[in-house]
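Shared between the two complexes below is subunit A, which has subunit B as its partner in the first and subunit C in the second.
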Partner chain A sequence: MGYIGQRIPGRNNLRLARGAGQFTADVQMPNPCFMALVRSPYAHAEIEHVDVSAAQGLPGVIDIATAAEVAQATRPFSFARPPEVEVNLADMDGKRLREYALAERWVGYSGRPVAAVVAEDPNTAAEAAERVAVQYRELPVVASAEDALKPGSPGAIPGWNDNLVFHTRYAKGDAASAIAKAPGVITGRVQVQRHVPVPLEPRAFVADYSTRTGRLTMYASTQMPHTDRSILAGALGMASEDVQVIQPDVGGGFGCKVPGSDEEVLVAFFARRLERPVRWTEERSEYFLACGHARETWFDFEAGYREDGKLLALRIDAVADIGLPFGAWVQSSVTAYCLPCGYAVDHCEVSMRSVVTNKCKWGGYRGFGKEAASFCMERIMDRIADAAGLDRVEVRLCNFIPADAFPYGQVSGALLDSGNYQGAMAKLLALVDQEAFRQEQAAARTNGRCLGLGIGFELTPEGCSMPNSDFLQGWDGATVRMDPGGRVTVLTGVTSPGSGNETGIAMIVADELGVPLDTVTVVQGDTDRCPYGLGNFSSRSLMIGGSAALAAARELREKLLSVGAKMLDADPEDLELANGEIRVAAAPAPPAADAPRNPGGPAWSVPIRRVARKIYSHAFGAETAHVEPGLESTRYFRIGNVHHQPETEGRLSFYPTWPFMAVAVVVEVDVETGFVEVLRCAAVHDCGTVVNPTLVEANTHGGIAQGLGAALYEELLHDDAAQLLTTTLMDYTLPTAVEMPAELSVAHQETPTAATPLGAKGAGESGVAGPMAAVASAVEDALGVEGLALMTLPLKPERVWRSIREVAGAVQMGETA
Partner chain B sequence: MIAERFDYQSPTRLADALRLLAADPDGTRPLSGGMTLVPMMTLGLAAPEHIVDLKRIPELGGIHEEPDAVRIGATATHHDIATDPRVRLHAPLLADAAALVGDVQVRNRGTIGGSIAHADPAANYLPALLALDAVIEARAKRGGLLRNATRSRRIPIGEFFAGLMATCLAAGEIVAAVHVPKQLAATHQGAAFRKFARVKGNFPIVCAAALVERQSSGERAGCVAIGGALPIPVRIALPGGQAAWAAGEVETAIRQAIDDPMSDANASADYRLEMAAVHGARAVEAACRALDDGERSA
Partner chain C sequence: MRQPVRITVNGRELEADADTRKLLVNLLRDDLELTGTHFGCGTGTCGACTVMLNGRCVKSCCVLAVDADGAELLTIEGVANDAPHPVQQALAECHGVQCGFCTPGMVLSAIELLQDNPAPSDAEIREALAGNLCRCTGYVNIVAAVQLAATRMAQGDA
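Let's look at the complex of A and B:
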């Protein structure tokens, strides 16, 4: 039996728990200097004048950069474009916007870097930044998508004829007439709030430039070192070979550490200009202001359904407030792309308008828009159930894509690889005894306690592979080498943000080579050492990076078997690799396996390390001369089920694998206060073949925590001038360990995908959407107030309290309590 | 990151600390657990030139029993107070309030003196001390030539708070201790504290402290104090002359006592007022239950 499928704890857990991790801020360099930024206090303004004289005079200040200098010394940058290509970060309908790391004449959101200071210590840098005097002329602010869409709205970006950056539209059938003919119709609005992921480790960069070698070394808390290298090389006009990006331990990425930030380019710019190490570690308040927001979307829906709950036709008109159109605003298109998620709807129209405002750009956030889509669909399912007087689970079961209908083409063209949603729901219901809960609920009610059960379903497509994208690609590389002592090193193009994929990849390679797990070392996150790869996003590290490592290990395996066969005088077909040795499959159990097969004849088995040694040290020998010397292989893996040629393939489908999860939560709601406590959570997750259940569960636990955060607590708030009000963890309410349900379980269903050799799908983004939906559903269930529809997140106490009163009226509430 | 430079002193004698504080009262801040001052400094909301750390001064620490009161030194941590048997015995309300401050890390470092002096209206201690009729012992350097002369005064808690995050402490004056009158035995008095926050470790939206006792006439008397609703905590005497309070009576009394409640992103004014009423009433109810339990066990 191999390692795959076993519960093996992450190999870095103990080291990180002991505090022995090396994060970017821990990286020491001699004689460093420190960067601080001058950020715009206005959401929308013209920069009239920048006066750095007061900062220059401060002892300890080394360098100050203004926008003009940065514009001269760097190129405007986007994701991984080579420097030769003129980059238009937004170029939709002729709308253009080109930005450098520092804003020169115009700022479009509060927190935008305007000037940068480097000093001998961080305090001096901060003080100098405060002394830079910037004269602004305020412009009319577009603070919300609602305002942005109003006719005559001032432009969030001067020169644009409107505030719409992109309109995603998908349609199938004839939704309008099907709704007109449907026996039942519901309408409503679902709203997901503006969010950030809040990793424990904020962004951090340390760079050095050597004139002796002409090389820039960048330590970055990043998810994608190679992409980062391309961006830095592009921005600085350097050869990518002259840039080394090293990713030390990362304290969480969740999408917000994809490369391409103003701050990182500035660190590199100063390191080269000063020929001295430059450091920058983000303050939490800067993180909230400028790292990148996500998710702020509303969905107006109209759904026609049959008496039995079958959704006949659906129209969704969604609007996303993407702030300025940099970074990961494409998440809003992904939201549209996923709809209507795991449900089969014959007539469906999806419209998503991505609207610019004078708020921070979007950054990636786990779920990458998929969570908003699932949340929207789950709310619609609950509304249909309520309107039709049906059970909420039954409505889902009758609308799920049937398990025998895969691969299934969704409205957007997305080809869903495999699934068994009914199976996951059935398994969940077996774990959650609904009848027993109803009794518990009734008993609690007599004691004045309101308990509720909610069910949610999420679909989280993974392995994003966009056509003509420099970084969203469904392929990756890995090198596997065995040294003469038989120890294995795996170098991957994928990286780990702390999630543990290095353990899963080591398990795959150890199984393929038949060697003990602890002889396999995985090296990630160094552009000088690792093969080119695209890093960590879209749950790709294990399913794509692991598959590349598998392919490379397989090549080594063939060579080991071929040489082993000669050494054992056996047919390679009759051999197996396991437990560190190559042996004849028919060999007796140890210790007899060491004995010769017949007197004076070949042995039953040979240790793999001896085969390795033979390959290295007897390259001209009789047993090795037929194979290429060396024990190293680099292979690239391209995932299946990606369709980029609509002309010949009939569709554009850029998510190859579609994991899913059914989840139930039990909440208690305080009717008098609107306070919600999550008591229990159970989930059934399906990411195809599970390489390591412990790691999948750990990932899902984190996803659930973020899903509960989205459901109940987290929210970025702005005032009318688009000034962020929630700039500290005092104001931005995060759940902590004590808010997690005391009972939390994740079970697995395994519906393999044909897109990867092991049948494994991604698991990294799972767990967020389901709890968002299940909590909303559970709160409604707990209150049992007819007509109550909680469609807007987060369900903070005051919102729940007001919703109850709006529906039921204060008098009735007193009675319920 | 703390951007501004400051100098730091950690005297072991109270007189030295008070002299340092008096030398430049505007530019000097006393430091205890640092749970409030340090975040304010990292956010740039406070930028003192001098920090005087009070933690090494023996007179300011410790919990001591006096004939009629428990004296809690300013640098006693929330954890100290929550777990001290004398506080538990003589002022269980305060122990409960301390146990619900922030999270474990905050309770291990944060101190009662710091919390009181900062006077955040939502801080757990404020309504608890108000309900308990605590007395603040304040110290300052005495004027004149005597180098080591200090001045001490006792301020009833009801006169201590001057407004939002403002106290009646003079420049250079510090909270040295809190004297909490010994309460009646659990057989004669019930106490309860309620904190309402969005997550357990956060500052409350409102908090409520209730004390209820049985008078010789058999009637109940008591009070409830509310924090977080107004810029300073408010104490409400419960309507006397009754064996029990009618449904809604306590809530009405609280609503009447709170005029113009505060508003923020976590709770707008009308909701905050309602939460003050609901949690105040719940605290009273729990205190009554505690009294009933105490009487039964007597």
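Let's look at the complex of A and C:
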């Protein structure tokens, strides 16, 4: 039996549990110095003067950089647009924004780096940064998308004629007339708040520069080492082969550790300038201010439906507050691209306006815009059910894309590869006994307790492959080599931020080569050692990086079989690789297998390590001369179901695989306080072929925790001057073990994709959207107040309490309970 | 300003000359190169810097190094010798580890819990770990691992 499909815990677990992880901040370097940043306290201002004299005199201060020096020594950059690339996503309608790592004359958000200090120790660096005096002239602030869209709104960015950076539009059929003719029509607004991923490890960079070799070595808590190398080389004006990026253990990423940050470029700048190791580890408050926000979007919808709940026509007018137009603002376009998710709607219009404000730029966050789309559709489904007086599950079942309709072309042109949404929902309902719950709910009510059940569905496409993008591509590379002793090393272009794909990739390679799992080593995250690859995002590492490793291992397998056949005097077709040996498939069980097949003849089997040794040590021998020497293969894999030629293929489709999840939660709501407790959660997840159920489930557990956090607790708040109010983990609150439901289960349905050789789809981002929707639905169910529609997250006690009273009035609620 | 600090870390007596502004977490990490204790928030909220000070768990980002003078410290590097501690072993087996950044702090909080309460309920485990944030696991496999460790420690077979 092979490893694929088995429950195997992560191979790094014990090392990490013993505290032997090597995270970027743990990397030791001789004689390091420490960087601290001066950040703008204003969201929108001109910089009139920077005075560093008070900082210069402080003992222990080594160097201070102003914006002018950085602008002279580096080139402007961003994640979306590295310097060597002409296409500028933020360069629409003549709108431009060229920014260096330090703001020169203008700051567009509070927290923007303005000056940088390096000192012998971190405390001195921080003190010196405080001594830098910056004189600002405040400019009118655009603090919200609503303000940004008002006629006559001040510009968030000087010189732009308006605050719209991009308008994404998709349409199918004639939504306006279909809505006019529909038997029922509902309208409303769904809102998703501003979020941050919050990996436990803050961002950290350690760089050194050698004048002897002219090379920069950067240890980075990053998801994408090769991309990072391109950006650093471009920003510093270096050849990329003179930059080595090493990704040590990464303490979580969730999208926010994509490269292209001011801070990293500054660390590299100082290392080169000082010819000395420079370290920077982010303060948690800096993370909230400047790492990158996500998700803040509203959706105005108009939906026409039939009496049976069938959605006939849908118009969605969405607006995303992307802050400044850097980095991962493209998530807002992905939101539009996904709509209307897993539902078939004949007439549909989607509009998404991505609007700039004087808030921090967006960074990637798990879900990458898909979670907002799914949350929006789930809320619409519940509103239709309520308006039509139908069961919420029934409405979903009647609108799902049928299982026999795949591949299915969605409104945007997205080609959904495969799916069986009804199957997942049926499996979920088998796990969640609705009848029993209704009895439990009624019994609880008699005791004054309000329990509610909510169901959610999410569609989370993976493997992002954008046309003309240097980074977001659906291919990757891997090298597999076997040494003369038979041990295997896999070097991948994909990386792991702690999600476990190194374990999954090792399983795939071990199965293909028939060797024990513990003889396979996986090396990731070093641009000098690993083949060029695009790293970790969009759940690509296992399905794309694993497929590349599979292709490379397959080449080795063929060579081993070919030589093994000569050594066993057999036909390669009659051989199999398993348990560390090549054997004739018809071989008897041990111990007879150890005997010759016939007297004086060849053996039944030969250890793979002996075949490897033969290939290395006897390249001119009769058994090996017909194959190329060496046992190493580098292969690149391009995923299927990506369509970049709309003119010939009729569509532009850049997500190859479409995993999905159905989820149910049970909550209890305290009517007096509005406090929501999640009691139980059950999910059915489908990512096609499951390589390792333990890893998929664990990832989904984490996704669900982030979804529940989004539903109930997490929210970045700004004041009217766009000052961030939530800059610590005491203000931006994550679920602890206490907030998570006591019962949480994840089951699998496997609908394989044709886009990868194993049928595996991505699994890393699943679990967020479904719980967001299911919690809102469950709280409504618990309260049982007619007309109550919880369309805005998070469902903090105050919001729930107010919503109850707005709709029902306190007295009536008390009676209902 | 600098001040001498004498502490016992994982059974070893050590002396350091510490900047009075230095946090205990930084003394451990920078001066003693015990990097298994992690810095995650600096406000005592995330628990990645959890160590035991005189037998009780503290957040080492909220203790000044000079305030630990004379104390006995246990860090993740000292909880086990050759064989891993049952909590570490169970976390590995139950896949209660993903990125691993919160894990050392979780281990120490779990060890403290099991010292006080060798047979905790799931709810008691969750309560005891509420000061240790994890963003990867949803805590599901961590709670299971602490239960497994408790069972094995009670049976004395670990």
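Simple rule for what comes next: the second predicted complex is superposed on the first by the 805 of 817 C-alpha atoms of A that agree within 3 Å, B and C clash if a C-alpha of one lies under 4 Å from a C-alpha of the other, contacts with A are read in each partner's own complex, and residues count from 1 in each chain.
The rule is simple: a residue touches a chain if its C-beta (ideal position, glycine included) is under 8 Å from a C-beta of that chain, and two chains touch if they have at least 3 such contacts.
Small disclaimer: the values here were computed from a predicted structure and weren't measured.
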Subunit B versus subunit C as contact partner of A:730, first or second or both or neither: both
Touched partner set for A:25, first subunit B, second subunit C, both or neither: second
Partner chain(s) touched by A:802 [first = subunit B, second = subunit C, both, neither]: first
First (subunit B), second (subunit C), both or neither touched by A:673: first
Touching partner for A:738 - first (subunit B), second (subunit C), both, neither: both
Partner with the higher number of touched subunit A residues, subunit C or subunit B: C
First (subunit B), second (subunit C), both or neither touched by A:121: second
Partner chain(s) touched by A:283 [first = subunit B, second = subunit C, both, neither]: both
Where subunit A meets both subunit C and subunit B, residue numbers: 122-123, 283, 728, 730, 734, 736, 738
Contact set on subunit C toward subunit A in their complex: 19, 21-22, 26, 29, 33-43, 45-46, 48, 75-77, 80, 84, 87-89, 91-104, 107, 122-123, 125-127, 129-143
Residue ranges of subunit A in contact with subunit B within the complex: 122-123, 126-127, 130, 283, 285, 672-673, 675, 713, 715, 717, 725-726, 728, 730-731, 733-736, 738-739, 796-798, 801-802
Of subunit B, residues touching subunit A in the complex: 1-5, 39, 43, 103, 196, 198-203, 205, 265-268, 271, 274-275, 278-279
Touching residues on subunit A, where the partner in the complex is subunit C: 9-10, 12-23, 25-26, 28, 121-123, 197-202, 249-252, 254, 281, 283-284, 497-500, 694-695, 698-699, 701-706, 728-730, 734, 736-738, 740, 742, 744
